[in-house]
Amino acid sequence: MSELLVLENVVVTYGAVQALKDVSLKLYEGQIVAVLGANGAGKSTMLKSISKIVPLQSGKIYYKGKDLSLVPAHELASLGISHVPEGRRVFSTLTVEENLNLGAYGGRERLSQKEVEAEKQWIFELFPVLLERKNQLAGTLSGGEQQMLALGRGLISKPTLLLLDEPSLGLAPILVKEIFNAIRKIHEERGVSILLVEQNAKKALAEAHYAYILETGKISIEGPSSQLANDDRVKAAYLGGSALEKKFENK
Amino acid sequence: MIILEQLLNGLTIGSFYALIALGYSMVYGVMKLINFAHGDLFALGSYLGYSLLIWGAGAASQRFGLWGGMIAALLFSFFAVGCAGVLMERVAYRPVQKSGRLPLVVSALGVSIFLQNSIMAIWGPRYQAYPASVVPTHAIHLGWLHVTIMQLFILILSFMLMLTLYYIVQKTTFGAAIRATALDREMATILGVDVRKITLFIFFLGPALGGVAGVMNGMYYRQISFVMGWNYGLKAFTATILGGIGNIPAAMLGGLLLGIVEMFGAAYISSAWKDVFTFLILIIILIFRPTGLIGEKVAEKV
Amino acid sequence: MGKGRGTSKFSLLAIILLFCLYPLFSNFYWTDVAFFFGVYALLGLSLNIVLGETGLFDLGHAAFYAIGAYITAILNTLYGIPIIWLIPLSAIGAGLFAYIVTSPIIHLRGDYLCVVTIGIGEIVRLALINNPFGLTGGPNGITGVGRPSLGPFLIDSPTRFYFYVWGILVIVIICLIRLQRSRIGRAWNYLREDDIAAETSGIDVRHFKLLAFVMGAALAGVAGNIYASKLMIVSPDTFTFMESSMLFCIVMLGGLGSIPGSILGAGIITVFPEIFRIVANYRMLFFGGALVLTMIFRPGGIWPRKREALRLQVSNIDDVKGKVRGKLKAIDKSQNMKKTTSKNNSNEPNTIGNHILTTDKLTMTFGGLVAVNEFDLAVSQGKITSIIGPNGAGKTTVFNVVTGIYKPVSGRVYFEGNDITGLKPHKIAELGLARTFQNIRLFPNLTCIENVMAGLHHRMNSYVLSSIVRTESQRAEEKWALEIAMHWLEKTGLGDVHDELAKNLPYGKQKLLELARALSSSPRLLILDEPSSGLNDKETEELMVFLESLLEEQNLTILLIEHDMNVVMGISHWVVVMDMGMKIAEGTPKEIYNHPKVIEAYLGREE
């Protein structure tokens, strides 16, 4: 297995806040790697730094051994990096199909029209509701449908690496299940490597091979996901158990 | 039949407004800037077309014929004004963009003053007139209907241009990329859209269409002046808001609608007060439907 | 400091002397240029109130100028009313006009407001051309406007007009400086910097926006009066969109909200074209280019406003610090008294009798999305209640509804037993409810102490006139506000940076400053949206201690949204868990920690 994505001592600051403090991470080809942590821990920032929406203060990011600092943001898509950001961010006044077509925009040089059509069909099989609504404006879709559209838009360019930010956010449990089934299929049928940022730790650990836990911008725990799934420290990282214990000990 | 003729007149003026409004709307879409210099680019187009047509005592018309000369003037103006637009973006807007909205507005006002006075310095402060020999002047009669050839030409060309633009923006993937950039720059970049390229395209095409409108306006009224940019710019801008700013079909609709409203307002209410009504409509629309007639509602997040 | 004051006084004297002697060395032509400089300075200052101080995009300001000029011309030529008497009438007329036309549009923001003001400007100009009721003389305007006279002293020569306009200007400048450094000027600045933060701090945003328009218009009306009497003719072609754009450029060239900047801008606009008269046809061309260049190299203007250190009224800040420390004890004592009375309350947090805030089936939707769904909340007096839940659960929306930023679709909000549903945010703030924001909303270009004083705004009374006159009570009030603000800065550990601009503070201190602003209004309920986000461990710890101490000292109740579970579990008395807009659980921190539904909402469910 070769390294697909490597983060080396990445530091990101917003104004005076350090959002990422010296974060290092590795993702091997064909893997699903989960990044877990409470709100505000810096998970989304990490994905944004990979897709160059936020600049690095220091550190390096390599993709297939290539230093990404030399690549302009809009060319990442053509290299096979696809980012499905938090909050879906579908283009609300464009139709579902236009949204999907735009997903292929960055890969238009490496993909033939036929391949794009084939991918589109596959996405419609994956999420049949998108086919039903293909001529509807994306803004009129429900939250779950928008998430499916965002996923589909991120997949249509046949990416090598998928950066997936909180795909289950704000969705009803039944839809969460559906989205995670889709993620499994994407990985199994297309062999896409996935960097998955999630709040839903149990779900994410069930899918991922390896996981990192981010706490206030730092990686606090890492390991194979089967190990972390039974680790009490994971629960503590989310629910702040340490403070509670401290408090009860004091009383 | 008078009504029909007025409708035609309204549509003719409306198509000028619509072509200019497109530029306002496209630029607003990608930069969130009311480009106050846009009206002056329209005037510049008018003067450039005029210069080409009178150059060498009408050499263009003699060489290529009446229509050939007109087409040459339109093409020349299209490309020259388009390039001026790109230059304007590079010199006056891009360096100011990071400083915020207000400095950008002042920069646009500065460009407007600069352009207007450049035109005056080059072509003089007095009215200039397109010579009668370079444009068709005869009219045709369809039953009782009286239409000039020029009017027909303007309507056909404007509609062709608008349809082409409509096709590009609404039906092609590149057009979808333009609309996507206007909605969410960052997401568009993630998907591989080169926002700089889109911006350049917008700043070429918007002014270029304005330039064409300027030449047609000169051919239609024959008389042009260096201050015409303010007036047409303001009207076309009203049309943009009327339709819904940032939305391209809306700008076309707004322009045509404004032309018609103005014509009928002048005919049936009062020609002196017609512009007052135009602006009143503008204000009322902004109070009750700030997104324009067919603009989408955008929720403001706190 | 005394020395600096001395030199600045000296240079002021030199400038005044220079202005007085100027006509002696100049010909009539250049004296007239200086006159128009004065008129444009007045106009620039008038637009500066609207655009510079308050941040309202007004690109139709020439309309107010026109109203003033035409009121003067019409009343003078028709009824022979002396020009001098018409100064107040022009001001009132223009102000009234501004009030009528801007009332329905004042809620519009940014570009929309800009477009509407352009429309108003054009309507006024076109109306003047169309000669309504035969009053305005049509395109040619009105001729034969008289000259002003001060008693028997007729103002007719260029030199006299020069002194006349600059005399008025000096009075106006003094008034404006005083206004700028008062409750009114600060209120304008607050809403320019962030109108939502201003509104939730207790400032009636609509009122102060209208006030800015009315005062700006009135001053432009005065300029119109002077202009009409100088030229003895008014005509519509003076009051074009171009004129409004020029005024806009004056303010922007000088620097937003800067009085000397606006005067300088006016100087540039009037004198620049005269200097370049040699190149007659090209002068405006150069001017346009110069505008662009200025915006590229000095986007903030040539002479931007430096925030005063608010030492004007208080000669020695250390003096205040000392006094405050004395007072601090007194305040604490009185708070302790209150506390003992509230101590008797039951310790059971969910008992009905002592809820300071309750919501009843609160529902809020955006488009089709139900953000908050029949949410019931009860916040106990004197306790810390936390709302937790995954991202997008609707927590911040609850805060926004409670503080009046959103009107709920259905349901009610009660504060201390009173129904506050649908009240405007500044009214709710006045009732004793203060808040902070998830992504800090400070007034970035104002000093720390000015930021904190925003919370005191609604407890002060001085208005335009008392601020200009600087009455005894106004000065006492300013001093009082300064002391309280200083007290809270000291309390939050920001005492040493009181004169620093808020935007220059590091993130952690900005959060504290926002907290100080909220506390300065002496709220009974403090609502904090993620107070610890972005803070490091040590800062978070300090914050927790501080919040707990407030509860004791200030007889305060705290409601907070927090993502750092260490904070939530550490200091809350009661925790409410939200998911998908609904309350899924509530209880003591310990109960919540082990609640299966909560664990599921956070960690997800395993199949």
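The chains carry the letters A, B and C, assigned in the order they are written, with residues numbered from 1 in each.
Throughout what follows, a residue touches a chain if its C-beta (ideal position, glycine included) is under 8 Å from a C-beta of that chain, and two chains touch if they have at least 3 such contacts.
This is a predicted model, so every value here is computed, not measured.
Centroid distances from chain C, each centroid being the mean of CA atoms, peak for A.
Inter-chain contacts peak for the pair B-C, counting C-beta pairs in contact. Centroids of chain A and chain C (each the mean of its C-alpha atoms) stand 41 Å apart.
Once the centre of each chain is set as its mean CA position, chain A and chain B turn out to be 43 Å apart. Averaged C-alpha coordinates put the centre of chain B at 38 Å from the centre of chain C. Those residues of chain B lying in contact with chain C across their complex are 32, 34, 36, 91-92, 95-96, 99-107, 109-118, 120-121, 125, 230, 234, 237-238, 241, 272-273, 275-276, 279-280, 282-283, 286-287, 290, 299, 302. Listing the residues of chain C that touch chain B in their complex gives 57, 104-105, 108, 110-112, 114-116, 118-120, 122-123, 126-127, 129-130, 196, 240-242, 245, 248-249, 252-253, 256, 281-282, 284-285, 287-292, 294-296, 299-300, 366-367, 400, 405-406. Only residues 368-369, 390-393, 506-508, 510, 530, 533-534, 536-537, 563-570, 580, 589-590, 593, 598-599, 602-607 of chain C touch chain A when the two sit together in their complex. Partner chain B is touched in their complex by these residues of chain A: 51, 53, 72-78, 83, 85, 89, 91-94, 98, 101-108, 139, 153, 157.
On the side of chain B, the complex with chain A involves touching residues 173, 176-177, 179-180, 183-184, 186-195, 296.
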